[in-house]
Amino acid sequence: MEITASEVSIQSMYKTTRALTKRITEPLEIEDFVVQPARFVSPPKWHLAHTTWFFEQFVLERFVEGYQCFHPEFKFLFNSYYLKVGDVPERDCRGFMTRPTVKTIMEYREHVDEAMESFLIDPPEESLFFIKTGINHEQQHQELMLTDIKYILAQHPLYPVYRKDFKEGYEAEPDYDFLSISGGVHQIGADTALFLYDNEKPRHEVMLRDFKIARKLVTNGEYLQFVKDGGYEKTGFWHSDAREFIENRGIKKPLYWVEKDGEWHRFSLAGLVKLKNHEPVTHISHYEAFAFAEWSGKRLPTEAEWEVAAPELKTGLRWEHTSSPYTPYPGYQKPEGAIGEYNGKFMINQMVCRGHSVATPKGHSRRTYRNFFHPEMRWQFTGIRLAGDG
Amino acid sequence: MEITASEVSIQSMYKTTRALTKRITEPLEIEDFVVQPARFVSPPKWHLAHTTWFFEQFVLERFVEGYQCFHPEFKFLFNSYYLKVGDVPERDCRGFMTRPTVKTIMEYREHVDEAMESFLIDPPEESLFFIKTGINHEQQHQELMLTDIKYILAQHPLYPVYRKDFKEGYEAEPDYDFLSISGGVHQIGADTALFLYDNEKPRHEVMLRDFKIARKLVTNGEYLQFVKDGGYEKTGFWHSDAREFIENRGIKKPLYWVEKDGEWHRFSLAGLVKLKNHEPVTHISHYEAFAFAEWSGKRLPTEAEWEVAAPELKTGLRWEHTSSPYTPYPGYQKPEGAIGEYNGKFMINQMVCRGHSVATPKGHSRRTYRNFFHPEMRWQFTGIRLAGDG
Amino acid sequence: MEITASEVSIQSMYKTTRALTKRITEPLEIEDFVVQPARFVSPPKWHLAHTTWFFEQFVLERFVEGYQCFHPEFKFLFNSYYLKVGDVPERDCRGFMTRPTVKTIMEYREHVDEAMESFLIDPPEESLFFIKTGINHEQQHQELMLTDIKYILAQHPLYPVYRKDFKEGYEAEPDYDFLSISGGVHQIGADTALFLYDNEKPRHEVMLRDFKIARKLVTNGEYLQFVKDGGYEKTGFWHSDAREFIENRGIKKPLYWVEKDGEWHRFSLAGLVKLKNHEPVTHISHYEAFAFAEWSGKRLPTEAEWEVAAPELKTGLRWEHTSSPYTPYPGYQKPEGAIGEYNGKFMINQMVCRGHSVATPKGHSRRTYRNFFHPEMRWQFTGIRLAGDG
Amino acid sequence: MEITASEVSIQSMYKTTRALTKRITEPLEIEDFVVQPARFVSPPKWHLAHTTWFFEQFVLERFVEGYQCFHPEFKFLFNSYYLKVGDVPERDCRGFMTRPTVKTIMEYREHVDEAMESFLIDPPEESLFFIKTGINHEQQHQELMLTDIKYILAQHPLYPVYRKDFKEGYEAEPDYDFLSISGGVHQIGADTALFLYDNEKPRHEVMLRDFKIARKLVTNGEYLQFVKDGGYEKTGFWHSDAREFIENRGIKKPLYWVEKDGEWHRFSLAGLVKLKNHEPVTHISHYEAFAFAEWSGKRLPTEAEWEVAAPELKTGLRWEHTSSPYTPYPGYQKPEGAIGEYNGKFMINQMVCRGHSVATPKGHSRRTYRNFFHPEMRWQFTGIRLAGDG
């Protein structure tokens, strides 16, 4: 049997990915694995099990004859939105289930890893798509784990540190220029790559007008001007739904900003730190990004503008808000089977973010990658890049 | 003084519009004017006053020196979302305010009509935009009044009749064909017309693929097949947010459908009537329209496809759901001043409907007209036109 | 046929009561009859119909052969808690039902009045209990109508007047003394009277300790001291459930108190008036009454203490809070039949008020009368009489 | 220095109590210590810390000069309702705080135990009340820990076992007789004892009528008859508030009852077990107990009846519902100081339970002991003893 380059690579991608997930949880206490302080947060132990369940369900049970599943109930407990697989436990109850314990879930991971590693010695062609999807799926959850861990630790009044050396910001001052790009027919999306999600396809033509786009992200210092200028109180900058949301919740500053002893701080994965003016603002909802852009006399880029401009931008610190609702590309085809529910069902009420963030695992980003969140969501490492008409 | 054609026309448009509003309320009892059985419904007396307030605020107070306002508090009470004008009473409380009475509001209308009619004898050029906007604004509320009245009467277990002769459907069987349209660069939107909303501008190029679009709307009979096939229970057809919504509310059929003595009926403005199979289904949310299209193996048209195809379609019975989120057109400019808040602030979380409905007043529809609703909303005369890739 | 004194009296009691109900609604506009701005409020037109339904259901349908009911659906629409009679419409929807109109309900009242008046010429002995209950029931609703009307009018920012001459307070300064009463075995409750509710029975012995009780009610001026002293902020005076309630709602003063131009006013049935210091405070919840008593270093009386002291007190301005939960007296027997559900089902979670108020119709009060409200309720004409250990 | 009997005893009571708390948590996984699946449940680690905080706050900080507190923030984090001590964290967030960890809290317990054990060698007279209160307070939390642990484990679909040998019921068939007791003046409450709560005082006279009371508690078998007879659907047996509660929640059987494979089971601390007919029903709310009594043609005893009858009853399996709202006894005096808030603030909206249960620690029960719960609460080991008029 020959081992080809791509097989080597998928085996090592699997191992690297699985190992990174574990590394992400290393600084945690067992207690941190259990809780769900908001509906959109999942307990870290749920992430550990759910990503493992994915490989069991879509790879081992499909392609490995006689595979012994670790526990028959886990199929039910750790499913999320793949509704075709069976009934699903209420998302809201994840944080009430103390069992299985972290220890059992770690054993579950090992059980599946062993089976996967044997299987990956010679995986059949038709399994590759599922393996790659599983790896990418776990990478997505790695980012969610970090943002969920941050949210969990933030519940504690004493601001516990996740990792002292976790860097969330820039080292140096950014470039304040705008880049000008000519309109006309451009192409966005992708049809071929090592791995693509269904929502990135098909590559297609879009009609753009001349536009300009900022080289840098909006900084804490700039956003602080907006706050000080009464930006959260002035109705004219906000969408109607946005105002209702921020007024009902009493939102007057970004999530994790803390005013203490007359100075602005922010809670970070390295604990509570002073707000640095030149670093890119983060944990900003689409609602806030839009209002800030209005206040600035600019606008957010569309996702097509972003994708066209991307090669000339320095990205990677923040998921960047766009003005594009998350919809299927023209000619979009739902993939078949249970995995087919993957993306289409989320294509309503959400806005596209582009790029990647300090929490995105290496290798899990592409120029054509489309991330998406409801416009009120603030717990991701999101940021703002301004644009304008050309 | 000369009276030019367009001045005659604006004077008569004003009179016609104001008279129609009154005619819409004629079948009502005073009690029907007062209540607000859902957040998205406004009491009819509020519509009567709010549309009047618009002319007082944006025309009479701006352009008529020495205008005596009818009551100083009405500025506060009957404002809605024009937040720049002042504080605004909670939308949720409209149905608790019994005063001013219908009689007083009718007097308010007469007071403003008298002042407007003098003013319209020779309105200055710069007032024309505001007058036309006021007329179009009142036309929009005429449609809302009808749908709100329907919702109000539907609260009553005995199905009161609004107007025995109100026709909500087709006279004859529809044409079951699909129309094929070629892709490429098309133009949508408009820059010039007697009257346009800001959201229709600017006219701009879009890139379309070949597509086909149904000549007729989806009928009750077709939708009933979906219901009988368990369409509301099968998760695969629905957006994730949609499932949560319909499950939380226990929704299993269109709003106003009633099963009685083993037969399907629907509540209409003419009372409870038997469901006719060949008539276009109505009071369908975007969520439901999307799920139905998935079940059919088709899709909804984009708003650009709809606008391109519109000249060859018979429209006017239902607002037609599109797959397009409500966003600004490329190059969109917010109009200035209080009226400037008009449309942009709603450009989030809503989906575009195109065409017009049996409740739309004559003259208040255009090929480029963009209506918009949150995707769960069902109280409008909405319907479904299917499309597909070409 | 002889007409005895008591038959004359029941006939005239019926007429007087029915006429008073109508008189209470005279100052209202039709719009005021329809709305339900809070769950505990009923639309005035519902009161008009419900009290009428009571006579139709429990008198005419039982005792008048061939009685033609006014409308078969009214049995369903205007029932309230007499669940044995049939299904019941959701209490929360009363304010959404615009039909039947006020006019139709007035016709309903006339229809029932005509039938009742013939019937009352010679009512059989076994009907007397139901007739008297119906009259007392309507008297209770007369008081509720006044408090509901006040609550409805209070929704309006301009403080509409119900009746300019409606007096809610004292004419003169009260007597500031306390009355001392000796403990021992006393009797409370009643077994015989022209009319009694089941909850007043049986008369029974209670063991009291020496106590003292205020001759006057707590005044606005005294309550204002409590407010100014931070009474609503200091946790020690409040029950735990009370604090949660007032903090969640942001309650910091009595319902209907309005601070305007630096002076305290209160909304009354005569419109907005200045707060008079010597008048008894009103629209006080049990929670507030308890906290005020704690702050004063006194306590509320028990209902037994109140009843024993009552002959020496001047009462009638306010329902007076007691420290007694509403429970059955020892030996309490539920009356049989649908009317039997009358009181027992409310004997949980409510506190007893004693006396009567400026809104209680004449003749509808007794020393043994037990009124009851949930401890957070504030829309009744309730007040505070302090007591202490002897 | 002499060591008197009572000092020995308080020292050993302290040790025994603290040791039992630890023993209760032995079967738990760390994960089980963290979560709060309902508002009325506290995470076990919170109980561990809160009971410890009580000794630190009210004994060590008051009486031990130079006491070094374990962590200054714990005063804030583990306070509950002793609001005078400082600000209090939202009760609802207890289940979101993963730190301090169980390990740290165990260190906190040891720190306080060491300090307490030195202190207990020669505690000053004036400290004894606080020490005894702390011990009794911890005993109360021991019972809550067991019922909270049961509730937490019940969230898991696989019914985890707490302790295989945990007995919740009778060994043998009960005695089905009723006991008759003569009315007249009786005494209840207590003024002197080794330890008493403020709410048991003062001992006072009550006037009772002849009554009878069941020798046994209502059994599962009897309650099952009520369920099968449609007891949860028949409105006549229930309080009005009770119906609203059970209908809104869809309650149709006792908490923890599970119908599986056609047979009734109940979740217990020993896992899922078959329902035994002769064992006393448990986890019954006051609402359910009242409705069951109505259905039986009996009633619940008052707390005075219960206390008078208690010497002749076999108690100890369940907290027994009474018909008495939780109110102060005549002549009740609030104790002074922070501990003074202890009981009075809960004397509203709650009903008294008497006796003790399988979860009550030994020594923590008295004939005069008054427990209290809101009438909808079901997570305690409550049961029903019927009574009737004599």
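Observations
Going by the order they are written in, the chains are A, B, C and D; count residues from 1 in each one.
We adopt the following convention: contacts are C-beta pairs under 8 Å (C-beta built on N, C-alpha and C of every residue); 3 or more make two chains touch, one makes a residue touch a chain.
Since this is a predicted model, take the numbers as computed values, not measurements.
Number of steps on the shortest path from chain A to chain C, with steps defined by chain touch: 2. Of all residue numbers used where chain B meets chain C, over half belong to both copies. The two sides are thus made of the same residues. The distance from the centre of chain B to the centre of chain C, each centre being the mean of the chain's C-alpha atoms, comes to 45 Å. Spacing of chain C relative to chain D, judged by their CA centroids, is 37 angstrom.
Here the spacing of chain B and chain D, counted between their Cα centres, is 58 Å. Residue positions of chain B touching 2 or more other chains: none. Viewed as a contact network, the protein chains form a single closed ring in which every chain touches exactly two others. Pairs of chains meeting the touch criterion are A-B, A-D, B-C, C-D. Within the complex formed with chain C, the chain B residues making contact are 29-35, 37, 45, 73, 76-77, 89, 93, 95-99, 101-102, 152-153, 155-158, 160.
Chain D makes touch with chain C in their complex at residues 81, 83-84, 185, 204-209, 235-236, 238-242, 286-287, 290, 302, 323-325, 327-328, 330-331, 341, 345-349, 375, 389.
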